[in-house]
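Each remark here refers to the structure printed beneath this line.
Going by the order they are written in, the chains are A, B and C; count residues from 1 in each one.
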Amino acid sequence: MNPTESTFSAQHDALAPATLGRRNWSTIFRNQGVLMLMSIPFLVHLLVFRYGPIFGWVMAFQRYRPGRGFMDQEWVGLLQFQTLFADATFYRVLRNTLAMASIKLVMGTFFAILVAILINETRNRPFKRTVQTISYLPHFISWVVAANLVLEVLGPRGVVNDMLVGLGLMQERVLWMGRPDLFWWIIGWSHVWKTAGFGAIIYLAAMTSIDPQLYEAADIDGAGRLQRIWHITLPGIKPVFVILLILNIGQLMEAGFEQQYLLQNSLVMDYSEVFTIYVLRYGLQLQRYSFAAAAGIFRSVVSIVLIIGANTVAKRLGQETLM
Amino acid sequence: MKKLFVLIFIVALVVPAFAGGAGQRATTGLREYDIFLGYEKADYPTGGTIFGDWLEEQTGVRINWEFNVGDLQQKVGLIAASGDYPDAIHPRNYTQILLAAGAAIPLNNLIESHGPNLKEIYGDRMEMFRQPDGNIYWFPQVMPYGDEYRTPNPGHGVWVQKAVLDYFDYPLPNTLEEMVDMLIEYAKAHPTIDGNKTYAWTGLFWTWREFPVFNAPTILSGHPNDAAVSVDWVDGRWKARAFYDQEESYRIYKLYNKMHLEGLYDTESFVMDYDQYLAKLSGGNILAFYDQDWQFGTVQNLLLDQNQDRWWVALPLAMEGYDPEIMNPPQPQVSEGITISTQARDPEGLMEYFNFLAKWDTLKMRSWGREGIDYMVDANGLFYRTPEQVAQWRDQDWVRTTYGADYWVNFIRLDGGSLFPDGINNIEPATQPSVFQAALRPQQIEVLEGYGVDTFAQIFQDRHPQPDMRRSTYFPAWTITMPPDSPESITGTRIGDIRRRYIPQLIMAPRGQYDRIWNEFVAEINQIPQRDRDAHTAFLQREIDRRVEAAGGY
Amino acid sequence: MKATREDVVFDALKVLFLIGLVVVTLYPFINVLAVSLNEPMDTIRGGITVWPRQFSIVSYQDALSGQNMVVAARNSVARTVVSAILQTFATAMVAYTLSRREYVFRIPIAIIYVITMYIDGGLIPTYFLYRSLGMVNSFHVYWLPGLTTAFNMLIIRTYIRGISDSFIESAKIEGANDFWIFIRIILPLCVPVLATIVLFTSVWQWNYWWDTFIYNSSRVNLTTLQYELMKRLASANAAMSGTSMADAFTRALDQAGSQVTPKSIRAAMTIIVSLPIIMVYPFLQRYFVHGLTIGGVKG
């Protein structure tokens, strides 16, 4: 896909609703009936399975006690939301969540693309396949196992300290995991390590759709490797990149759970506690189901606002959008 | 593309085939009950085990077990809300959720009509789990029986390495402070052990396993494991007192700080996970720590098997000015247990089954096994095990999959430290003096001889009479669950979070800075209104009083 | 093609980076393999890196010792295959319709899809709904609720949008309907992205156990491999957590002579569940890891 085409599609999108009213519905049904048959059953399925349970959100306006029907509960209005917004911990947790999610988003995306490009640029096929297979192995290692490895590597007698002291770069061994200023970055790097190979797969798939003639033409023009990557490969994966970016911006309230939970300790807890952990510890574990539900609604609203914002920006810039 | 269609077609045919298979059950001629047990259990065949077969034969009942696998609170909440109940449910510490949902039937009448054995083993203690509405809804996992209590193991305490005890010729200092001085002296004389730096002290401070450091103030000021508060006998009542900002907290972490300033407190412990803690302990370079025995039991056994002096002995040590009353009394687990659900198909039959489990012979069979095969009886009626029997019962695989009583240990059982009505035999072999003796290793005997005692518990009992059986009316305070969705529960979590942040800072305080950090800590605690914190303690006090009341009053 | 200086430097840095990547991503797996093959009690001491210290397969024996392993493996394979095929097919179909610019419902449907990524009604309402739909104690709960997912749909749609319209236009002129176009033209052109989605779906399905725990835990014939392994792991954890030990008896019982530890079982589990995927992987991999010379689809 070239830039002009996507700009065109963006304009086309903007026009579509305006022209709709003038169309004749019977013509539409005749022309698009098959499309409807192919999509509407799944839409109904989605409405039932994914939107059906949303009636549970009423819980957020109650003081829910299990074992009674949803309508036999005590109604408290917006009390749960007020409690949430009045809690000082909540704001610290919000900061940590957004910070770590952003770090993970930027680093994760960057390295996934880097790995995909480098694999794509490799001609030796066995090497390429091997690198690709191995780099995605950490995906199968649960955080419980992975966290223990991270703690060992960064421990006082871990390999990082061994190297830094051995090379004379440091006098004393450092408690890396006890440093509040490093915790977010440890989360970021361990995320890269665990997901870069897996994340690269989508970009590799996207690269298969790039016309090889473009590369041949570039070679004839005498373009260097970096120029080819810059002018052909990157534009080729841009639509996927933009879509993933928009979706991930919507996920900024999801900084993870197990990763922080298992890597954190009391020395860094001011910087490690994320929204999901907060909801667990101050909500579900204290059987404050309604409070947890209110927190969930808050998270959904923020996500939807973020994604609308990201999508609007993408549209303004003439990029691929969700709609 | 045709292939694809064929594939999808096949899938569409296969799916219902998988879906249809539910609910088929072989007819066995036995009465069958479904039980959800909120414990995590390894699979073993229910048919074909010694105990399982015996029980089936005796009762004509087969149980279809379901065990917990994931988050129990979620699962119980779901069972409660769904209204789909198996015949019996053991929701463990979420029993109240189930009760609030009205999922359990009152058992009072059934106990009268079908439960004579249950009445006998529980006796007056049955009142302890009668609910405020006058009904009994569950049978606890474990209850003490009678007033006698006999155990060879203290369970927790200050664990000091045997090599250190050897070095000082089996000392029993009066205070923890003196012991710490000895540890420092030993560490200075032995700066490394097997090439690793010697540390006087460590403590796990990770997720819910944080209690070795978190609860140190109450335990090391001479209390059993109430954890949430210190409970003392004051003016004829059990009085709960918050300790988190009190003298004992100040002093214990200052004592740890003293070791830290000598470079002997293992500060790595603050970033260690559980696996690393065990690995560290197994290195043999940790001289002492506080913990409960089950948390590091695997390492203890590993070191004992290696036949070195680097394993630990629990000592009754408290800070100066406190009596080391540390041993836990038997704990009546009155706040949770197995319920019969409102959808039980045959409550009478189930109660008969429970009643059979409460028979003395069943209890004996479950813990001791078969007379003449798994244990012997001497001329005085004392049960004992031969060395071969001891070895056989040490093999966990055999106990689990061949003997197979493991599925029945979590309800309607008596505390192992209690005695049978004969007054001479322990309910469980592990606590029977003769079995304990037979299982001792030479190094353990060496320590016992060094202190001139027969059991490890006796080291504690010689220092201070314990456990205090009077505590069995309320113990332990940590099982008190805060009311769901209550301000008290939030206050508890908040206090905990502040402590979690400050404890490492206190222990690692630079010279001369301890008091400043302590004052910061207290200032932050004071940001939680006094009245909220008092309400938290008051709730615990009310619950303790209620338990004592139910157990017959003061 | 002649190698310029830029090429040489680029290749050197590239190979260096990729080898570094292989080292840091392979190490954990090797480490887990070594732990899984080490004697569990010895593992407690720590310090296992790439080679077992005391070789033993007891962790595997223990992890696979459950009663229901055969039926569990069968169900896991079934749910993985069924979901991978049906979900990928259904998702691709929706993605195709939403890629058609003339389709009137394309925007509302896309919005409805996207929102599902950020809302969640919670466990109890979901359970009630599923029960009323007959999803409890049923194999269908494994594949039906996630029949189409927003994320996968958007990935496929983006890929379809990258395909030139000329293919579709010419087919339209020949009078083909959209379903025919989807099957005969779009699906073959989308093989790389479909292979990716099949992979994602399979990995997820193969590893997931929570739905078994919530919806099918009381039906042995619907159990799954991951669930059975989690069950064993949970019991090993419980043995080291004191929760099952209210008194002196169980304490003494659980301490003496236990054979395995959570750490060892977890390591064995990791290997057991990842091996089948790793073995199937090359068959999918060839669709999305291309040589530069293999053609794209856009004309």
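Quick note on the criterion: contacts are C-beta pairs under 8 Å (C-beta built on N, C-alpha and C of every residue); 3 or more make two chains touch, one makes a residue touch a chain.
Since we're looking at a predicted model, the values are computed, not measured.
Judged by the touch criterion defined above, the protein chains are all mutually in contact, each touching every other. Comparing chain pairs A-C and B-C by the number of C-beta pairs in contact, the larger count belongs to A-C.
Ranking all chains by how far their C-alpha centres lie from the centre of subunit C, first place goes to B. With centres defined as mean CA coordinates, subunit B is found 41 Å away from subunit A. Taking the mean of the C-alpha atoms as each chain's centre, subunit A and subunit C sit 17 Å apart.
Taking each chain's centre as the mean of its C-alpha atoms, subunit B lies 37 Å from subunit C. Annotation for subunit A: residues 66, 148, 152 touch two or more other chains. Multi-chain contact residues of subunit B (touching two or more other chains) are listed as 77, 81, 275-276.
Among the residues of subunit C, those touching two or more other chains are numbered 46, 124, 128, 263. Residues 63, 65-68, 89, 147-148, 151-152, 155-156, 175, 177-178, 261-262, 265-267, 269-270, 281-282, 284-291 of subunit A are the ones touching subunit B in the complex. On subunit B, the positions that touch subunit C within their shared complex are 1, 4, 7-8, 11, 14-15, 18-19, 21-24, 34, 36, 39-45, 66-70, 74-75, 77-78, 81-82, 84, 86, 92, 141-142, 151, 153, 155, 275-276, 278-280, 282-283, 292-295, 297-302, 330-331, 333, 367, 394-397, 399, 409-410, 415-417, 427-428, 430-431, 439. On subunit A, the positions that touch subunit C within their shared complex are 1, 9, 12-13, 16-17, 20, 23, 28, 31-32, 34-40, 42-43, 45-57, 59, 66, 70, 114-115, 118-123, 125, 127-142, 144-146, 148-149, 152, 193, 196-197, 201-202, 204-212, 215, 219, 224-226, 239-240, 243-244, 247, 250-251, 292-293, 296, 299-300, 303-304, 307, 320, 322-323.
Contact residues of subunit B toward subunit A in the complex are 73, 77, 80-81, 97-98, 100-103, 205-207, 210, 267-268, 270-273, 275-276, 482, 484-486, 489-490, 493, 497, 500-501, 503-504. Note for the complex: subunit C touches subunit A at residues 1, 4, 6-7, 10, 14, 17-18, 21-22, 24-26, 28-29, 31-32, 46, 90, 93-94, 96-98, 100-107, 109-122, 124-126, 128-129, 133, 144-145, 147-148, 151, 154-155, 158-159, 161-163, 177-179, 182, 192-193, 195-196, 199, 203, 207, 263, 266-267, 270, 273-274, 277-278, 281-282, 285, 287-299.
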